[in-house]
C-alpha cells in the first residue's frame, strides 16, 4: 500500500433522506442490539433522538454464534423498526443475512448492514450491490484493510456506490476487551478510499466503560460517524447488555463527542 | 472447555456411496482448486484416483477476495465435476456460496463444502442443514474451536447429522505461511465432538513444500482424512498454483501418509 | 477483570525535575529513534522543545531484530543525549537492555525505558525496580493488558513506584500498519491501575501519515502523554525513518493535540 | 522468503556428550517444569531415562508472568539438577535469564535454554553466543520465523554455532489451547536453516491430552527432538501441572513417537 499521505481520494458523501454521511457532520447511529419489543424500541428511539442521534439501529435478523441464541424477530421486527423510525423522524440501519431477504429488508430500512461474519459472503455482497440503498459494511473479525476494501469493491462493482465502512474491532490475542478497536484503520481508509467511515465502539470494546473514551478517540481520528448500542434497560437486553449504554450515559457521550468534533473543526 | 481427555464422544461415521469418513480409514480428497476446463479435470481426476484419493475436489463457485478474480464456472462447472467424477468412480466435494444454490449443488455433488469465509453465514448453515448430503465445514480464518463447533450445531440442529469438520489454518501474525495450520485442533475436536475431522494442508500452509510434511503430521495427530490441491499444471492454475501439487508429488505424498497411517494403526 | 468503571484507582503522578506525568498536563516526549550524531541531536532537541515537548527521547542501546542492524552508540550516546538535554532544558528517556547497564544508564538519563522486546525480561524488570528513577515500560508485542500490569508489578514490588506505561501497538494479522495501536488499553489501564499511560503512535502505526491522527485519538482516549519520533532528516535516519516526523510536521501535530487536550479539559 | 523447497541448507548436528541433535535420531528431553526438591527430581529423572529420554529438563531460574509466582531455586537448583543428571546418566537443559548468570549456568548445565520471553533479549543472546555450550532457543510468543532466525543469528554471529531451535507455540486468538503449536514452522525451518529443530508440545498446547498427539505430529513433520514436561505428581507441581505427563503417560508417548519415527525412516 502506498505511503504518501497526500493522495487523498475524493470523498463520497452517502445520503439517506436528510442524513449525509461523509460530508463533514458527525453522524451518530444508536439503538438496541436487537429489535425485541415495540415499547422498548420507542423508548430507545425517543432517547437517542433527543440526545442527537439521526439513525436508529436495531437487528431484526441476528447472526448469533450459537443456534440456540435469540435469532431476531425477522419480518415483524423490520416493520416495527420502520414504524418507530418514522414516528420519531429517524433513519434506520439494520442487518441482512440472506440473499433472499435483501429486497424485503431494503423495502423497510434506509441503510442495510452487512455484519462482520458476512464481510466475505460474496453472494450477499453482490446482492446488496444491486439495490439503491446505502450499505454499511462492517469489517470482518480478521479482515485486513485491503480485504475489507476488496469486499467493498464487490458492492461498488455491482453498481451501488453508497458504501459506508464500519470499523468494529478485530480479533487479537487480547481478552480484556471483546475485540481490539483498530482506530488506525479509520485514517488509513480515508487515505486509501473516498468512502465514509464510522466506528462501532460498542462491539469494538464490549465494555460499557470504554464506549465513551473510544467514541471520543474515533472522532479525533477522523471518523465520519459512530454507531452505538443504547438500551433503556441494559440488564434485560436480549443481547450485548454488557456493552449497551443507558440513555443517560449516551447523552453524556454525545456531549463529549461534540466537544471533540468542535476541536476537530478548528484544526482545518 | 472440559479438560478430561477420557470423555470421548461416540464417533459419527459420515458416508457417501462407498466412502466412509470417520470410520477408521484415511480418506483423501484431491483435485484442483477450481473447475476450469474438462480436459484438465479428467487428467487430475485420473491421477488422484490412481494414487489413492476417493473424493474429487473442485470449485464451481469460488469465493474470491477480489471481485475481479476468477469467480468460477458456476452451474456448467458443477455438471463437469459430476461427469468426471462418475467417469472415474470418485465421489465429489464442492463449495456452495448462496442459500439459493444449495439445492442445485446438492443435486450435482456428493459432499457440500462451506468455506472459511462463510463459516458464520448462519443462513447458509441452516440451509445445508435441511439437505440429505454430507457437509464439509471449513474452519473460519479466525474462528475458535468453540465457535466452529457452534457453527456445526447450526447444521446439526437443522436436521443434518453428517457434518465433517475441516481444519484449514487460522489467521495469525505469521506471514511465512499463508495461514497457521492448527493441528492441535484435530485432537481437540475428536475429544469434544464425535464428528470426523479432515485437514487441508494446501490452504493451511500455502506452500507446496509444506504440504507433504503437514499431511503426515495431520495423520499422526489423528485426522480422519486430508483434502489436497492437485493440478496437472500448477503454473497454469486459475488459482492457488503455488500450493498445488503435481500428480507426481501427490503420489509421493500418498505413499508417505500411508506409512504414517500404518504406524498409527499399530498404536491401538 | 472487573467490569465496574467506577473503581478508579488513585492516580500516581510520576515526576522528574519539573516534569509531572499523570498529573493532568499532556506530556510530550520526542526525538530521534537512535542517538546518531551530536549535530542532528541538537537540531532535533531545539525543534521539539520549541514545539512544546518536555522530554527528549533517543536510543543509545538499540534492540534490533537483526544483529547486523545498527546497535546504537552505547555509552558515548548516553553522554551525548545528556549534554544536549541539559543544553536545551529537556528531560531524557532512553532504553536500557542489560541488567549490567542499569546503573550507568540511570546516571545519564532521567527516565529509563524498558522496550517491548524486554517487557518480560524479569531480571531487567527487577533491576530497574531497584533504582530511584522513573521507568517507562513499553507493552510487549503480544502482551495482554493483564501481563503488562504484572510486568509493572515486578518493578513496583522491587521498590520503584514510578512506572509509566507506554502503549505502542500490538502484533496482529494486519500488515497495513506496523502494529495495531490498541487505544482501548489506555482507558482500561486508567481503570485498572493508577499509573500514568503514554502512547507511542510512531511505533504503533509505523506510517508517518497516521502519527498525527493517532496522537489526537490517544489524547481523546485519555492518555497522559505521547512519545513521538522526530528527525530533522527522516530519509537519513539510522532507523525508523518511514515513521519519523519532520520538525514542521511535529509542530503541526502539537497544535492539533493541544486543541484536543483543551476539549478534554472542558469535559470535566 | 524463497519458495524453492530444494534449497535445503546443510544440517548442523549439535552434540553434547553422547547426545547428537539433528543427526537423525529422535532426541527426547523430559523432566519437570521447575526444579523443586531433590527426591522428586530423582524420581522424574529415573522415570524419563527408563522410557528413553536422554536429556533432563528442569528450571532453576523461572521467568514467571507474576512476581508473586515461584521464581525458582536459583543456584542450589542448578547444583541439584547437575547431581541428578550425573547420577542418572542424562544430559541437562535449563534456562538462563540474566546476562550475569550465563557463566554460572554454563558451568552446571549441558544445554542453556533461552526462553520465549527472552527470544529478543539481545544482550542475553550475545552473551550465550560467547560460551562453548549448545543453546536451545525457544520461539518468542509472537515471533515470526524470520525474527526467530535473526535471533539465532545473534548467537551464531557471536561465535557459538550450536543453536537448537525450539517451537513452543505462538500466541493467537484461540483460547482452547494455551498457545497454537505451529508445526509448519518445523519443516520451514529445516528448509531455511540447517539448525536442528525440537518441539515443545507441553507449552505448545497446555493440555495434557494433546501432548501425545502433538508429539506424534511433530515427529511426522520432521522434528529432530521433543521436550516434554513430566512430573511424578502433576497435581503437586509448582508450575504447569495441567500440561505435565505422569511417568506412565510419558512411557506410552515414547512408544507412540518411536513408531512414527520408524515410519519416517522408511520414507527415505
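By letter and in written order, the chains are A, B, C and D; residue numbering begins at 1 in each of them.
One rule holds for everything that comes next: contacts are C-beta pairs under 8 Å (C-beta built on N, C-alpha and C of every residue); 3 or more make two chains touch, one makes a residue touch a chain.
Worth saying up front: this structure is predicted, and the values here are computed from it rather than measured.
Contact with subunit A and subunit D alike is made by B, C. With contact taken as defined at the outset, subunit B and subunit C are each touched by A, D.
Distance between chain centres (mean CA atoms), subunit B to subunit D: 33 Å. Averaging Cα coordinates per chain places subunit A and subunit B 35 Å apart. Residue positions of subunit B with contacts to 2 or more other chains are 142, 171-173, 175. For subunit B in complex with subunit D, the residues that touch the partner chain are 1, 3-5, 142, 144-146, 170, 172-177, 180-188, 191, 204-205, 207-210, 213-214, 216-222, 242, 255-256, 259-260, 262-264, 266-267. Subunit B contributes residues 142, 171-173, 175 to its touches with subunit C in the complex. Listing the residues of subunit D that touch subunit C in their complex gives 63-68, 71, 97-101, 117-118, 120-124, 126, 141-142, 147, 150, 153-154, 157-158, 171.
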